[in-house]
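See structure below.
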Amino acid sequence: MDSKYPQVTLMRSVIYTDLAKEEYRHKLLAWHMLHVADSISQFEPYVTKYAFYQALPVPPEGERFGVARFHMCEHNWLISPFDAHITAHAFNEYMPLEVLKWQNSVPDDEDTADIFLTGDEFRSADGSNGCRPFVFAFMPMWWEKDLKGKERTIQDGFNYRWQFLVRYPDEITEEEGEKWLFEVLERFKEMPEVTRILTSHVYQEVNDCKFQRCVEMWFEGPNEWYRACVTKMADMPKPDWAQQDKFPFLKPMFNFTSIMVPDIPYSDNLVSYRGNIMKR
Amino acid sequence: MDSKYPQVTLMRSVIYTDLAKEEYRHKLLAWHMLHVADSISQFEPYVTKYAFYQALPVPPEGERFGVARFHMCEHNWLISPFDAHITAHAFNEYMPLEVLKWQNSVPDDEDTADIFLTGDEFRSADGSNGCRPFVFAFMPMWWEKDLKGKERTIQDGFNYRWQFLVRYPDEITEEEGEKWLFEVLERFKEMPEVTRILTSHVYQEVNDCKFQRCVEMWFEGPNEWYRACVTKMADMPKPDWAQQDKFPFLKPMFNFTSIMVPDIPYSDNLVSYRGNIMKR
Amino acid sequence: MDSKYPQVTLMRSVIYTDLAKEEYRHKLLAWHMLHVADSISQFEPYVTKYAFYQALPVPPEGERFGVARFHMCEHNWLISPFDAHITAHAFNEYMPLEVLKWQNSVPDDEDTADIFLTGDEFRSADGSNGCRPFVFAFMPMWWEKDLKGKERTIQDGFNYRWQFLVRYPDEITEEEGEKWLFEVLERFKEMPEVTRILTSHVYQEVNDCKFQRCVEMWFEGPNEWYRACVTKMADMPKPDWAQQDKFPFLKPMFNFTSIMVPDIPYSDNLVSYRGNIMKR
Amino acid sequence: MDSKYPQVTLMRSVIYTDLAKEEYRHKLLAWHMLHVADSISQFEPYVTKYAFYQALPVPPEGERFGVARFHMCEHNWLISPFDAHITAHAFNEYMPLEVLKWQNSVPDDEDTADIFLTGDEFRSADGSNGCRPFVFAFMPMWWEKDLKGKERTIQDGFNYRWQFLVRYPDEITEEEGEKWLFEVLERFKEMPEVTRILTSHVYQEVNDCKFQRCVEMWFEGPNEWYRACVTKMADMPKPDWAQQDKFPFLKPMFNFTSIMVPDIPYSDNLVSYRGNIMKR
Amino acid sequence: MDSKYPQVTLMRSVIYTDLAKEEYRHKLLAWHMLHVADSISQFEPYVTKYAFYQALPVPPEGERFGVARFHMCEHNWLISPFDAHITAHAFNEYMPLEVLKWQNSVPDDEDTADIFLTGDEFRSADGSNGCRPFVFAFMPMWWEKDLKGKERTIQDGFNYRWQFLVRYPDEITEEEGEKWLFEVLERFKEMPEVTRILTSHVYQEVNDCKFQRCVEMWFEGPNEWYRACVTKMADMPKPDWAQQDKFPFLKPMFNFTSIMVPDIPYSDNLVSYRGNIMKR
Amino acid sequence: MDSKYPQVTLMRSVIYTDLAKEEYRHKLLAWHMLHVADSISQFEPYVTKYAFYQALPVPPEGERFGVARFHMCEHNWLISPFDAHITAHAFNEYMPLEVLKWQNSVPDDEDTADIFLTGDEFRSADGSNGCRPFVFAFMPMWWEKDLKGKERTIQDGFNYRWQFLVRYPDEITEEEGEKWLFEVLERFKEMPEVTRILTSHVYQEVNDCKFQRCVEMWFEGPNEWYRACVTKMADMPKPDWAQQDKFPFLKPMFNFTSIMVPDIPYSDNLVSYRGNIMKR
């Protein structure tokens, strides 16, 4: 840190929030509406977009793609929230362990009495507790590569958006991983089911994120997704380093994590949030 | 109509919107954000609440309860939108047939070329086209009867809310139907899984609605709903007029239609709507 | 007044605000943004819509149709602002004489030193000061008669809306006037240039308004308006009571006053007003 | 209740909230921001204004005028919240006993362990617990009588507003009370310190309110208030029924309760509330 | 591009949008309300102001000053929208050719069947198609030079603001052009009709803009503008390089383009936009 | 200034506004609501938070701590408002001398006729006019040092926040001053009355601010503040340089200025401001 002020680094970040069981969906929804005020209090002066997108239901065979079941949280940042200049927060983020269970970050049967870690430590867990690792991926504010569909406008219909993050296996280099992934994307580019392909590398250094690349692909709907990602990818050769037998060959949630979202957020928090007004 | 002005009739109405297939969920979500502007244009001066609540996933055996899969639309009205004074609308509501298919109001394989009916006529269908009948139920602005849990506050946790509408079979009188239903509610009242029971009669005369009563029951979550409504109701005696073998004994969607919703709307349209700002 | 509370009378009202000279347009625009706070303070609890629509430029020969040059102010009311229960306002409306000059309600060369009338009295003048009479017309909240184009939706293109108010000449009865006007509307109904015709009678009793009827007609644009209203109406027989030689045969501003507006208000005051934030 | 729907009764209500000790001011402020969501959830569909006005500090000798120390809560209602049609609320209002202590509705040393009454019962107490009685006064939506200053506009400077409620002593009739009060107001009308006098009777029947009349008087500031209400009223003859020796002669808080407020609310809850975003 | 992140370059930009014919004004107004959502979707995270100011009517002899007839669009940017880091947009901007005709960017009689250029290429045309060149001028976020009226506050009355952009003729150097222009501004500075003069140079390098300087001058109204710019400038010596005989001597629209705007935007899009709610 | 663009320097600033007399509180409140529009007009594009926090009443003995009586104004800046690139403002800030008197920046009996200084010069006065010096302190956007209570969340109760600014006496070095102050903070850290301590140094160079450090300490309420700051600090040794006999030993208002605020702003101007809607 060689400057008095943090460097402005326009970035976008994504978090795919999972849901441990349907038993908790309504609680996690309501809890987030309480949480929004806590978050806005904290980062309003340096965040320019903060939105939640509903996770569309997991399509058939979605499990092996590590599809998250709750929502995607998107931020746009003027600076990194991990910048060394941010030394103190007036309030510590309120994140009860129970919420971490709802989100599938902590085992549901965890006895809270024995917990010595803070909620934040749990959330940051690497998955060694058997739950979905918490992935908070930063990337450029704009997609870096536009591989297909750049002529598409808001008049061309509603989109079924599949976004995924990839962590290449440890036994291959990032270059090898990228080479393989772009060959995969070339295949998708040829498929009529795929209307749009965008990708960016992850700024891993921001928070030591283990994932290297983010890709967003659009489809007409889940049937087209299935045809493209399951049926047509069935003959994709299995790489040496495969962590599972079928495409995407990477370990779900740990090396390949994804989510399906619609075009429009269900809560564009900085502009539409109004406190949690309950149904009467 | 014996007055120059429409009578003020403070009412609430609910619509449970279904989803024909998962293939359409993202489209129906995005379409509704376009539709909100059309609706607000039309009724803003006499509607005081207009909100969408996400339908929580259908729980196991939910089909026989006619559980809707998309969302609940709630309006609060100062007057009836069917009041005889409302003779003309500047704009006709834009409702393409495709949307009606997405909502399971029109058969998905319907050939649009042969359609002579307007979208509105389709939407109002009685289910004779094999799809879910369109039910638009008006009731008092406040729940009429408070059967359980009146001491519950916003501090008592988040709620899994099950709301249903009942149309008693034609062969029994409304009195007989009500007698039976209130016996059912008494059973629920005794169950610890049920934290709240509220009910109102439907103002059938507003729009010739075929359903007579609306009930809302709260649970901790879908497991508790299942234990109460499936397991514990298994020994409920089957009435003579039963339309199906198991509780609720009424024909799903046609005589018993329901939805599960969380506490907080995903779009409180009159205050938070901001046009359809797409994800970048 | 036979009741403790005012009767709820859902109504819409319109005011067509004129502009004396282009010299004042920017002042009148900025002044209205100050005035909005005064108005909202006063009637927010019983007004449900309060919007300003920019007056489109006066088309050729528009003068004989009494076309206003500034804006249309639309209110939707729960009760009449002239209800006998409204006995006192905490603040008197601030309306400087200068603004009345800008609006062409008071002669521009009026010497303010001699003015004994309040601004409000001036605004209510019957036009005997040579200026445009102030017309504040109340009507049903919904259009009463839908004469053409009821199938039109928001997808059918943007509209050039011409709205006018008619005061039948004193020498004929209202019935005779209405008979003549509806014949006129029948002619318009046959013209392809006219895409929509809506009309309502004026609630003259609310504030002793002298005008009896309001009509709104939509066109593709001002060329179509000209073709319909000037060219095609040129052979319309001149009635005995004609106040000018050509259609609409009524005295502009005094017996026929109108305005051209676009589909969307430039300020939807109750929802979008934010104080007057000046350009930097 | 002879109608299916509640009667629309446009009304305004006021509550003057007190503060038991300065120790609690910041808590009561923050608590109200949580409470707003609960309130909006409950009455949004039939309330058209809901605002908080900061109580200006109690001026010298203000205690004998029963001046409240926290804020004024103003509602504008379409119907009475006590209407017999409002039989059930989905949520019971959350109002912890602690808050009632902060508001000086319950003795600060009250042992909560022994409380069998609900919070609402406490709040409604008649003052027999030694605390300020809870007064919730309904009146016409508009001031009924305009005794002085009706020409005043928003351009005439900012106002120091003193609002009070009067409960005439039991030993005199309401007519005697009113006669006396209007003589008082005539005295104020003559004083140059008083710039505005407005008054309405209280709709006591709405909620069995014990107070009969509400008056609002405006001053340049507290010095002018003191000169008018203390100095100049010093020679006001003491009535037979006097409950204290000096003007206003009525028992503070129990028969005469008042508050000083500025022109503008600090929170116009229906339009500006955004959840409780804490200071960082 | 030598950095991972775009450089933050606080800038303001202006676009003066013209109108080909009055036939299109209402369409262009309504279209912009649709377009706002598309724009916000795209640049919300790095734009801090996005407002539309109504173009005041072209004053007499305004044509030779290249006065635009529709509106001014003002953006404030954190970074340049042409920054090399912005490699991909999720959606291509939707801009139908028809809109470009309405805006006088493409000939109105253009046959769309032969168009091979994208809308964006048309919009960027240099005027060789006979239409008004599209000018998108970036400049410092604050005015650089304050030549007259720096003491003026929001209390000093409403302003008639004339803003213009200058492109010096190719045959003179920028220094010669600036020298001439500042002599012109000195003349204006002496005139009582001119209440304010502000100017900035254009950041031409941002998007290869051909214009070099922006000036804003304020007047009481269009009469004062005429007296200053037409009458009093009539004896301004004609420079050698004059492209027209009279002041401003530069070719309208191509070398001198301007607009008249009021103090307050008609749509402050980031804060007040609410989707396109149509008039009922 | 070696760059074309101002450097982005994320900062927070605070102003503690005083009140000369209670006679002016309501005026200063209403005036600020007018002033907000002027301020937003000026800095909206580079300010990301602009909020007012009500000053809680001065606790006993608060005078020697220089406690301000009106409100705290907090800004969050993307760049310094004193950056050399900000050469001109379209409007000069409107700040009448009267307001400066209300704020205790100018003697209340000042004869305005003799004033040659601008309002801004007065506001910047060093206190030589006998009034409270105007202090505008910039500091990092985040607290730099977190000395106590970092685990506190929004669930841990409402806070009584005391914030103060220190200007070390001229006769000691900043290092000596800091050493002394941190010893003081260590004492506070040990006290159970203090729940939170946060501190940052002031960016004095931004605007030549004379104060060096800002500290915020939280308490349960004013009683706890008194016990900690008055009672328990009574035995704090008096330093050689003491400007008053008791802690904080610094000259109130001139070397030690402070304010008590609640958790939540009463006006979060960029999101909730809506113009000044007066009480009816």
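In order of appearance the chains are A, B, C, D, E and F, and numbering begins at 1 in each one.
One rule holds for everything that comes next: contacts are C-beta pairs under 8 Å (C-beta built on N, C-alpha and C of every residue); 3 or more make two chains touch, one makes a residue touch a chain.
A quick note: this is a predicted structure, and the numbers were derived from the prediction, not measured.
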For subunit A and subunit D, chains touching each: B, F
Pair exhibiting more inter-chain C-beta contacts, C-D or B-E: C-D
Centroid distance [mean C-alpha coordinates] between subunit C and subunit B, Å: 41
Rounded Å distance, subunit C centre to subunit F centre (Cα mean): 51
Sites on subunit B at which at least two other chains make contact: 8, 37-38, 41, 44-45, 78, 89-91, 142, 154, 273-274, 276-280
Pairs of chains, among all present, that meet the touch criterion: A-B, A-D, A-E, A-F, B-C, B-D, B-E, C-D, C-E, C-F, D-F, E-F
Subunit E residues within the subunit F interface of the complex: 7-12, 48-49, 76, 78, 140-146, 150-155, 196, 198, 203, 216
Residues on subunit C engaged by subunit F in the complex (per definition of touch): 36-38, 40-42, 44-45, 89-91, 273-280
Residue ranges of subunit B touching subunit C (in the complex, touch as defined): 4-6, 8, 37-38, 41, 44-46, 78-79, 85-94
Subunit F-facing residues of subunit D, complex: 22-27, 29-31, 33, 51, 53-54, 56-57, 59, 74, 142, 154, 157-161, 221-223, 260-268, 271-274, 276-280
